[in-house]
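Note that chain A is present in both complexes that follow, paired respectively with chain B and with chain C.
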Partner chain A sequence: MLFRGEGVEVVKEKVKSLEVYEAGPMLTFSMGPQHPGTGHFRMIITVVGDTVVRCDPDPGFVHRGEEKLCEYKTWITNIPHLERPAILDAAGMIYPYVLAVERLMDIEPPERAKYLRVIMAELQRICSHLYWLGLMGVFAGHATIYMWCFGDREYLVDLTQLIGGQRITHSYFVPGGVRNDAPSKVPKELVKDFRRYYRMMLGKDYPGGEVPEDFRKYVLAVCEFFDTRLDEYYPMLLDSPLFIYRTRGVGILKREDAISLGVVGPVLRGSGVKSDTRIDEPYDAYPYLKFNVPTMDGCDSYSRIMVGYYEMRESVRIIKQAVEQMPEGPVKLKQHPVTIKVPAGEVFASAEAARGQCSYYIRSDGTDKPYRVKICSPSFRNLIAIPHLIKDVRIADIPIIYWSLNYWPVECDR
Partner chain B sequence: MSSLIFQELARAAANFLSGLPQPLKDFILFLHSDAFIKAIIFPGLLFILTFVMFTIWFERKLLARVMVRLGPLHVGKYAGLLQLVADAVKLLSKELIVPEKAIKPLYVSMPILCCTLSMLTFAFLPLGPGWVIYPSDISLLLVFVMLAITPITILVAGWASRSKYSFIGMVRFAFQVFSYEVPFFLAIAGVTLAARSFNLEKIVEAQAGLPFIIPALLGFIVFLITAIAEVERVPFDLPTAEQELVSGWQTEYTGAYFALFYLAAYIKLDVIAILTTLLFLGGWHGPLIPNIPESILGHFWLILKSLIVVFLVLLLRGVFPRITLDKLLDLGWRVLIPLSLLNLLIVAILIQIGLL
Partner chain C sequence: MSILRDVKRTLMPIYSGLKHVFLKPYTIKWPYERVPNLSDEGYRFDPKTGIGYPGNKGRHLLYMEKCTGCGSCDLTCQNIAEAITMTYGFDVVIILDENCYEAFKGSKPEIVKALDVILSSFSAEPSNIQYNSLSSFFWTLTGVKQVTKVDGGYEIKLSLEPIFDVRAVEVLYQKIYPAVERLKATGWELRKLEVTTESTSVELSKQDFTINILIRKIDMGYKHNRRSLFPSIDYGRCVMCGLCVDACPFQALEMTSEFELSAISRRELIYTPTMLAKRPEEFNITGVPPELNVIERMRMVFRRIIW
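What follows is the complex of A and B.
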């Protein structure tokens, strides 16, 4: 069938083409960009047997030119598209931009706006971390935790929608405050739905029967519920012996390596470095709130995912405090026209996004458009850890290590 | 009056038959024969397909419950019962794609072979006293011949796909076969020793008083673990691990080919469940139930017990993450083989002191 009456050269060619696997002990294959384990991203993996000897990350499939786009749009119209790189964490992505513009304009938002921003940022952090934890389950072959995380995430996203008007990418932050105030009452349907879900998940009615319709109390109720659900995730996935076997000691990023590679966020804190922009350079309402920065000394995938788990706990704490302390008052200095002019100058601002420190460098030449915007997103800084970690590991460890970094290709490519 | 009509009808039918040519007559008699009914209806094709369809539907609904979702809902009158039919129609209407570099004859024939061999296993499984398609004194061995041949079709399928992911998945599957096959057979040895027969019917008859799960508990545990590895269920689904290898050895298979492999996997799951029931759980023996006639009581107990085993195996998928290859080999060789040998020793001692 293969050698049907052809010349020697043709037959040789055909025999060669039969060896799809390259000659020798090595096998090189591409993981992504159409692979259930990566996303819009590619890793070129070389294996010997079951051991990975080399991993070349190949980002850039979802490059959108956000930085260049910023130069053609005005200061205000930049906000919606700058959220797109990390839609699950829109608040974290836009926070440093708004801070930087405020610094250039030398304005300070009202107190209530500061608290609303913090609430929004922490809600988005929880949503992003739930996505991380849920997908971590999937990457380990455990689909249940994924469904649980996404089911619970729904009620936090509903809160985001209540405050910002959109489930994701709400463009809520504007220079000098937030776009609108939070409503004082929660819609009846939402309360009813939450009550039904509460009964379904916890097997009992909401204490006191009625879920409060007051915004403040409703947020507290959801936070309380979510805290209880976090307790249930622990035995389901994080304490499961097989999951611990899959993740503990896998993908070890030593403390010194983490510092010298310059990784940020949960990856850095999972290596035992207590570094968080919210504490190191506090902004907005964070100085008034009490919270811990969880770190783990294991330096492995398990430590990183556990840092994410404890951070959700801390975020719940922050939201509870912020809702209770939030003063009344205006939420923005004034309604800006779309074509505001920002004084000339250059500024650097950073904030703690869900995946780590997100920084913006902005230069203004005094017109209604930025002269330059440079974004340093957390995933971009964590990318360098991928070839460092995926080396001398088993093929089965690749998805675990990759996802324990919480790498988000779109955020990296910008 | 009516009996007269029936007599008349029977005479007419006999006349009609005798008037037919011999081959056609044989064929009609064959359709009416015991063997044909067994092969096509009860322990045979129709039963297998119904059982497999129920298993798949049950898995979807059960896992949906575990994961707090609804599962299939719309197709079929009640709870998405016909979802599988819709899936099958969709898969069968797809284009049959054979990769350019694949070895076509092997690539195309393996799904068919895999499905057929898995179904053939049912020929030797008694689903009630006397209800077996091919009665044999070595039916247990024949079942294992079938169970040992199906992995070869999978290995060939992975190799014939000529894709890198298929190749890695195939190698993983080969390792998996290495790790579970030996303890799998050793776990059976205890049962055959206790029943002193390879005939599945005799094995079940030997459990009339006491199911073998009690003297051979270790063997049961080893058998169940290795059986889950045999059918590639979570936590032992590493040859088709999605996040690591796209779909392992079945990456290149689409449409009808994929449907056949899918069917084969679930047939194997049901075979394993029924086999566990026959070998360890006492087969069709069970207490009398007032409302169920005695003629189907045996089948009722057998199917109920198999469904409990199926339930256990399916539930694992909702609870466990995937295991790795080195852990699987470690488990197979260092834990399960000693355990199954220990089980053999215990059974031998029990026989020696006259308890079995």
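What follows is the complex of A and C.
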């Protein structure tokens, strides 16, 4: 009954041709909405024996009406709630909004603010990818990588806290710059703690004995450390045959399919398409920084997670360069902190969030509130790949495929 | 050879994991040990340059001597979390006239009963609690705190601390009306009822006894804040974005690094201006719990050294 235009007999024939199991009665059940991985999201799955013949994603459990909310709040007070759809990657979510409003107002943020924004966005991209990789370990039955990812993530989250004041949802970007400068010094206790953690994880003292207290040097030290840790992740999880057997060749999204379905981010790059908003439509400080866009040709779950792994490397590279090149100066244009005037007009802006391209369409009628805000989030664009991928696979492969898309229900439902 | 390589690759994770068995463990035993990633700096904002100072966005700190009660923070928050409400400080007193006081001293049953009705009404849990709203603080007052002689009678104070509320009429609805209804049934008469935003006065009389119930605004004595209007913050709603700090043109609001704001009831999450004016070190809510015995405390201290 779930197959529109296809009789049960046809489906049974199809399943028979797979020669996995003898075609039996079809069974339909829900995966979720409690937790098919993370967040509230349901997949209605039809199986014959152990083989999935159809998957219907059912999003919308965490729809909060962010777009409608935007019409009732002013330009600045929209920022805290627009970060909420993806709290891990608040910077990536708010970046295109800020860019769009700046384009409408026809202003350019100061140079230092551009670099600070890039540092913040890349730090949160790493945090988000570590969450992805760590939970990928859990989905594949590997608990150690989960502990490692979350342990190392702590020091990157601390860096965002030093800059933005909170662990997540910093409300740090505003049209016209950022809200505050980075601190010049790192608290002594944190430095001591990092040294202890360094010794514990790598089994040796920090080279040179003392970890620097200067903010720039401390960021470089953490980046250096994290780069070393990434080397250890490879033999731990990504080169382990047990993990490779679970993920390689599972959930194949061909290059042509990826392009025609319109997926974005690591999912698209995992299918061998070199597409990145940071390169294609460079914004803020990205044109001044050198980095690669990693792609993999495997088109499977393993390729997608490897793209995430290599992206963390590139993000570390970007942060290192940005911290070294960051000029001195003001971080915000002189304007009223809460009430800004935005001229009438419409604008479209996109930026590369952790899960892919995030775009905003904004129309202003010249008042203190937006007339319309339309969000096109990366998870929403990757959602279409779920029924395409979860088909003709085993039930045990569903979590792997689902999580290899790095799907975030709240971001999708908005 | 490929089998050998596979075996090696399978054993590598076990080896890398095994290395960590012999390394020093890293766990922070909260709350016995504190999370070390906090600087003492809180988020502040400089209205002159329009740029904030980096710092933690924790609980707010209110400078009452700078606050003018302009309500900019309230206005900003109405668009974000609706956590901030501008509130007055109120004083709750019962005034007994000379006759009444003498009768009370002589424990005349009807006066004692009338006072009992009023006091129990103030100490009772309010009937309609709007949990998700700051429009009324559902406070309770228990017992008499102070008795002083004023001209024309004796004044009984129910609270020495000011009680913060949006307006005095809330107190009338929640606390005084039930008491008045009950007293009317026992022969008391409602002589006078005056309600404004800033005060409420109720006069009850029976024969030649008179009881006055007064809710009056306290003048905090700040020259720049004649109305004595200050923000109260509901931390059940606050999202700690710090935009209220940006909005304040007088640097009266700041944020501190205090983030452990958990409470047992929602009522406790509403911080009144006097609570917000306290520095985090005055609060003294952090530290090792007192129920820990000596040996456990010693273990906590020596744990770092032994390992």
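Keep in mind that, in the parts below, the second predicted complex is superposed on the first by the 384 of 414 C-alpha atoms of A that agree within 3 Å, B and C clash if a C-alpha of one lies under 4 Å from a C-alpha of the other, contacts with A are read in each partner's own complex, and residues count from 1 in each chain.
Rule of thumb we're sticking to: a contact is a pair of C-beta atoms (placed from the backbone, for glycine too) under 8 Å apart; a residue touches a chain by one contact, two chains touch by 3 or more.
These numbers come from a predicted model, not from an experiment.
Q: Pick one for A:Ile76: touches chain B only (first), chain C only (second), both, or neither.
A: In the superposition, A:Ile76 touches chain C alone.
Q: More residues of chain A are touched by which chain, chain B or chain C?
A: C
Q: Looking at the overlay, does A:Gly329 come into contact with chain B only (first), chain C only (second), both, or neither?
A: neither
Q: Would you sort A:Pro287 into first (chain B), second (chain C), both or neither based on which partner it touches?
A: Neither partner.
Q: Going by the contact rule set out at the top, does A:Gly249 touch chain B (first), chain C (second), both, or neither?
A: After superposing on A, A:Gly249 lies clear of both chain B and chain C.
Q: Touch test for A:Ile398: chain B only (first), chain C only (second), both, or neither?
A: first
Q: Where does A:Pro187 make contact in the superposed view: on chain B (first), on chain C (second), on both, or on neither?
A: After superposing on A, A:Pro187 lies in contact with chain C but is clear of chain B.
Q: Applying the document's definition of touch, where does A:Met200 land relative to chain B and chain C: first, second, both, or neither?
A: both
Q: Return first, second, both or neither, reflecting whether A:Gly165 touches chain B, chain C, both chains, or no partner chain.
A: second
Q: Could you say whether A:Glu232 touches chain B, chain C, both of them, or neither, answering first, second, both or neither?
A: second
Q: Do chain B and chain C land on any of the same chain A residues, and which?
A: 144, 151, 200-201, 237, 240, 242
Q: Across the complex, what residues on chain B touch chain A?
A: 63, 66-69, 101, 105, 162-165, 167-168, 234-235, 237-238, 241-246, 317-327
Q: Going by the contact rule set out above, which residues of chain A touch chain B in the complex?
A: 1, 17-18, 20-21, 27, 29, 35-37, 47, 50, 137-144, 146-148, 151, 200-201, 237, 240, 242-243, 245-246, 394-399
Q: What part of chain C is in contact with chain A in the complex they form?
A: Answer in residue numbers: 6, 9-10, 12-13, 16-17, 19-20, 23-26, 36-41, 43, 45, 47, 49-57, 72, 76, 79-81, 239-243, 246-247, 255.
Q: With touch defined as at the start, can you tell me which chain A residues reach chain C in the complex?
A: Interface residues on the chain A side: 72-74, 76-77, 79-81, 144, 151, 154, 158, 161-163, 165-166, 169-171, 179-183, 186-187, 189-190, 192-193, 196-197, 199-201, 203, 232, 235-237, 239-242, 330-332, 334-338.
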